[in-house]
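Starting off with a structure, shown below.
Letters A, B, C and D mark the chains in the order given here, with residues in each chain numbered from 1 onward.
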Amino acid sequence: MAKIKVGIVGGTGYAGVELLRLLALHPGVTLQVITSRSESGLLVQDMFPNLRGYLNIEFSEPDVSALKQCDLVFFSTPNGIAMKMVPELIEAGVKVIDLAADFRIKDIKVWEKWYGMKHACPDYVEQAVYGLPEVNREAIKGARLIANPGCYPTAVQLGFLPLLENKLIKTDFLVADCKSGVSGAGRGANVATLLCEASESFKSYGVPGHRHLPEIKQCLESFSSDDKIDITFTPHLVPMIRGIHATLYGKITSDSVNVADLQTLFEKKYALEPFVDVLPAGSHPETRTVKGSNLCRIAIHQPQGSDTIVILSVIDNLVKGAAGQAVQNMNIAFGLDEKSGLNIVPLMP
Amino acid sequence: MAKIKVGIVGGTGYAGVELLRLLALHPGVTLQVITSRSESGLLVQDMFPNLRGYLNIEFSEPDVSALKQCDLVFFSTPNGIAMKMVPELIEAGVKVIDLAADFRIKDIKVWEKWYGMKHACPDYVEQAVYGLPEVNREAIKGARLIANPGCYPTAVQLGFLPLLENKLIKTDFLVADCKSGVSGAGRGANVATLLCEASESFKSYGVPGHRHLPEIKQCLESFSSDDKIDITFTPHLVPMIRGIHATLYGKITSDSVNVADLQTLFEKKYALEPFVDVLPAGSHPETRTVKGSNLCRIAIHQPQGSDTIVILSVIDNLVKGAAGQAVQNMNIAFGLDEKSGLNIVPLMP
Amino acid sequence: MAKIKVGIVGGTGYAGVELLRLLALHPGVTLQVITSRSESGLLVQDMFPNLRGYLNIEFSEPDVSALKQCDLVFFSTPNGIAMKMVPELIEAGVKVIDLAADFRIKDIKVWEKWYGMKHACPDYVEQAVYGLPEVNREAIKGARLIANPGCYPTAVQLGFLPLLENKLIKTDFLVADCKSGVSGAGRGANVATLLCEASESFKSYGVPGHRHLPEIKQCLESFSSDDKIDITFTPHLVPMIRGIHATLYGKITSDSVNVADLQTLFEKKYALEPFVDVLPAGSHPETRTVKGSNLCRIAIHQPQGSDTIVILSVIDNLVKGAAGQAVQNMNIAFGLDEKSGLNIVPLMP
Amino acid sequence: MAKIKVGIVGGTGYAGVELLRLLALHPGVTLQVITSRSESGLLVQDMFPNLRGYLNIEFSEPDVSALKQCDLVFFSTPNGIAMKMVPELIEAGVKVIDLAADFRIKDIKVWEKWYGMKHACPDYVEQAVYGLPEVNREAIKGARLIANPGCYPTAVQLGFLPLLENKLIKTDFLVADCKSGVSGAGRGANVATLLCEASESFKSYGVPGHRHLPEIKQCLESFSSDDKIDITFTPHLVPMIRGIHATLYGKITSDSVNVADLQTLFEKKYALEPFVDVLPAGSHPETRTVKGSNLCRIAIHQPQGSDTIVILSVIDNLVKGAAGQAVQNMNIAFGLDEKSGLNIVPLMP
């Protein structure tokens, strides 16, 4: 089979270098072009020396005509960039996977409020497929435009999904207490994410409101028969590079539910999923057990036999939370083996 | 005034070395004796070289007669040790502050269930004063036996206290999602807390049940008019040395409550407390801002104007969560300035 | 081609889990047996959850008859174990790669002095091939018994080799100031390598003498025409999991040597080596650029145009410094592509 | 005694916040003014929340007339700022301690080459006293202008001083292999010092030449009777916040020197020094044993009885390497107890 000709717009951030790591060894892909206005002319390996010997390509000026020669373009750009270029690429028959948030929120007004800008192509939002394969695999197969999910929303959805779609959990008071490694904050020069500021410390941020909240709400509501889900989402910054840990809380809807049933439910739900691993009863997943891989590992608890359920869900924010899920979506959209290029044993220790 | 003659039993763990750090510079104290069965004969500074030049004392065999010469004995031992020696010391007129859990839980059956042993002196549990100064200052003044609070319970109580005592929060579904630095797990040789296991990772532990849960419940119930509080407590391990961050969730009891009122309430409640700092509205406390100090810093949020309140409470688990609070209790019990020996600017960065 | 039937003795340490990570995806290998006296009966994935879904094998009791069914046995054991089992395996026609030090030092007396025990099979030391492919590739091809090099010696040798074999550096005062991540200290329960002891700190250790010194001397002397090399080797512990950085110092033998010539020399020397990457002039290699990979990256400096040369050499201690080099040796010894199973892009960030 | 009226210029970097931490509790000091062009009007505690409750002052616009009201002004500014303001302050009778490098190098041409700018007041360089108390205590007592030493030079000098002044070490090939925590790189927004770039990695930097080299050479040459010292200085970045570890190498000048004599020599040399601690023979100092304190801890080794001496010297780069040494210099210059405000037990763990 001919290799997929891939272009990348952006790619100088952490999701970008992770995408390059995965594509460099992907057997079904040729990287044709990678554009960056600021780094044009620089060899990719001079910015990311881990890629020395694996990639020999330089950043080039953004150029739509070059991107149109691709079968697929990934956008690994700040929010608000992809929406300006996507229509032209889609019309030219190029598939697009956007790792940013431009096409994730169906309600344009909500998007514009949280992202603080006017949307450039609302029509494309409508046709975009939300790229969570565990929910939308069939739609992804035929998609032209895929909105790659946010990192927190991925971990939260995979944890709540079996409970909500089976009406096992009350929707009036859910809590998603989430913790992310610092790479989630990006590769920009920023005092707050210096080693001397962010290591040996722990804090929350965005408690009054974080952009992943509307994405989480939209998705959870789509799983549920309830019109409205009341969820409190609190992100925290963990002094480590990679990993997200979502600790999810809710009340069961019926006293007859017990944790053994839930364990079985989760195991069945995800039995055929290549990248969701339901741990044995009683487990506490560690983020390091998914480091560098596309896996989500989940455990289910019912502390003290009470009516509160606690779900623990971990991913690598740069892989299942970004670049790996994007590759998974590409594999599905192009009819490749879904695990192609993603057959990676997590690096531990 | 004559200096307080102090003895320490144990002192080879992290709470122990922290207690030594604080006492070494405390103007009102003389360290008379420090006992350790395993390290008898070793100079303290040879185990803890940060103390070189500040302390010149060696560990000695546990010896009740030597301890009886003290005005005050701190127990910085594993659970179940203090209860065997305390009656004799108390009867000899020595005051005792136990940094372990032997005297924290009033219900002996509950204690015995969670700690997995028979209690050696239930009568002393009854007379022990729970050493959270913000709640029990007056009782501490006259106490002979002080049960120094656990680290998690300290952070959780100071966060929930103003809400519960004013009936502003529903008691049927509270969540305390707590995160601790690794020093909370102690100085024992243990694979799980090796740098290579615990760094660059994040996990929960003890989700089915953690010993601090009954302590938290007992205390929160004492603040509330409700008989029973339903709280889910989830501890997590943060890849850093020191610090606890408690993220506390609850529903307000009345729609008329708003975050500005709560801000005022907290500020008033803690205005005269030397070691509780209510941050300005909208703040996100970082654990590093209390590192090495006895402070608890608190922020109050009401995300999206919903009926959920989120309280953020940070302490240094080894100071306000252990040794510092013990010194604070000593100061109160002996009529010293409460801040004596605790006037420390947190080390940042 | 039939897959190589592989056995592992030990494998519960960090080199062991790394070997398992590499072998799990190696296309030419079947893992037949892994033995561990202490963990017999435990599923490997229950000790190392990163391997869930990639390996389905349990630790078994050490059993020479089972090991004799293998084509190759790796020893990933403490020093002194392999030497007791190797003769029987070799006589049975099994190839052996020892990741420990039992067969590295040719001078038995020296070995016995540094390792504090009597050697069980000196004859086998003689026939063992020291498994540094960049030096001994041909001998490795036919070897029955391969002594896999130490981590520090690998980084030091690859840095000094081109200088010594070309007599460009004086042998009377070499310095190897080396720094290792904490995984080099192993997975044993040990206070000194707890996160709370080893993070946020830096120290040297073994300055009076470290076991890798005689290995380094033996090897460097074999590269040189001088009988005796005077080298000071100082290992240090870096608060990170993986990585070795060797900073190597020596005086040039002739004023006519300059750094540009050395750059060319190194580039030519290693041009065909699949796992040695000579960086562009002026570079400072970071250990993270080889994390998880079998690469050694090297840079050459001549500060201030003086007669001192500074070589910077980095590896991942668990890969090129242990398990990866063992797989490389296996590939060579069995006639596979030398990069088989080692085609891994370093994980960064 | 009247308190010293202190002003600070700069103070928004890591040396600045450390100076504020020390001065906040210094019994002999009043902080009158702190200037910062960029942060004027901001409360200091809003930038550095560890200072909440300890300092109530805001940054103000740089204003020489306000600074002239002070007895002493600290410059905690980038290089090249102090030299523009110092003459006017000195002429007004204000003492100055410059934490930057403007007055450290006596040879103006050398300074201008390394710092890349023209010096604004060469005359003041001549009269400036280099503020290493262990060398220049008497001169500091009467100094009007004190050049506070660099962090690396402090650790290197204290290690080499006893050897050089006693001619015990050859000066033709010294090596100072130095390692610093990331705070040494400052608080500026910079990709290279982000947690995701600098943690879990180790690298050298500035191997071709670092600004602290001429400072080190000037000082070592002043200790020695040799005209010229040949030293190779290699700085490295350690993935931790605080601490410098200098590993120093040299050849002894006579075979009759042994490590026991050197141990005695160092102990005598530093016996009365309040902030230099010579460790027992055979020790390996850890940077964490000086964290937050003004101490330098030193150990002396002669590996394998060879003619190479290895000195290990650790400091906290922000304290003895910057702010603490500045306070020590202030105490000396104003006739206070040299330990005033510096009586701090290192924070460990």
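As a convention for this text, a contact is a pair of C-beta atoms (placed from the backbone, for glycine too) under 8 Å apart; a residue touches a chain by one contact, two chains touch by 3 or more.
The structure displayed is predicted, hence computed values, not measured ones.
Ranking all chains by how far their C-alpha centres lie from the centre of subunit B, first place goes to C. With B-D and A-B as the two chain pairs, more C-beta contacts join A-B.
For the pair subunit A and subunit D, the distance between mean C-alpha positions equals 46 Å.
Rounded to whole angstrom units, the spacing between the C-alpha centres of subunit B and subunit D is 37. Measuring from the averaged C-alpha position of subunit A to that of subunit B gives a distance of 39 Å. Among all residues of subunit C, those that touch two or more other chains are 14, 183, 187, 196-197, 199-200, 239-242, 285-286, 288, 291, 349.
The residues of subunit A lying in touch with subunit C in their complex are 14, 17, 21, 24-25, 48-54, 183, 200, 241-242, 277, 279, 285-286, 288-293, 295, 297, 343, 345-349.
On the subunit D side of its complex with subunit C, the touching residues are 173, 175, 177, 179, 181, 196-197, 199-205, 207-209, 213, 230, 232-234, 236, 238-243, 245, 247, 249, 251, 282, 284-288, 291, 301, 303-304, 306, 308, 310, 312, 314, 349. Residues 14, 182-183, 187-191, 193-200, 239-241 of subunit A are the ones touching subunit D in the complex.
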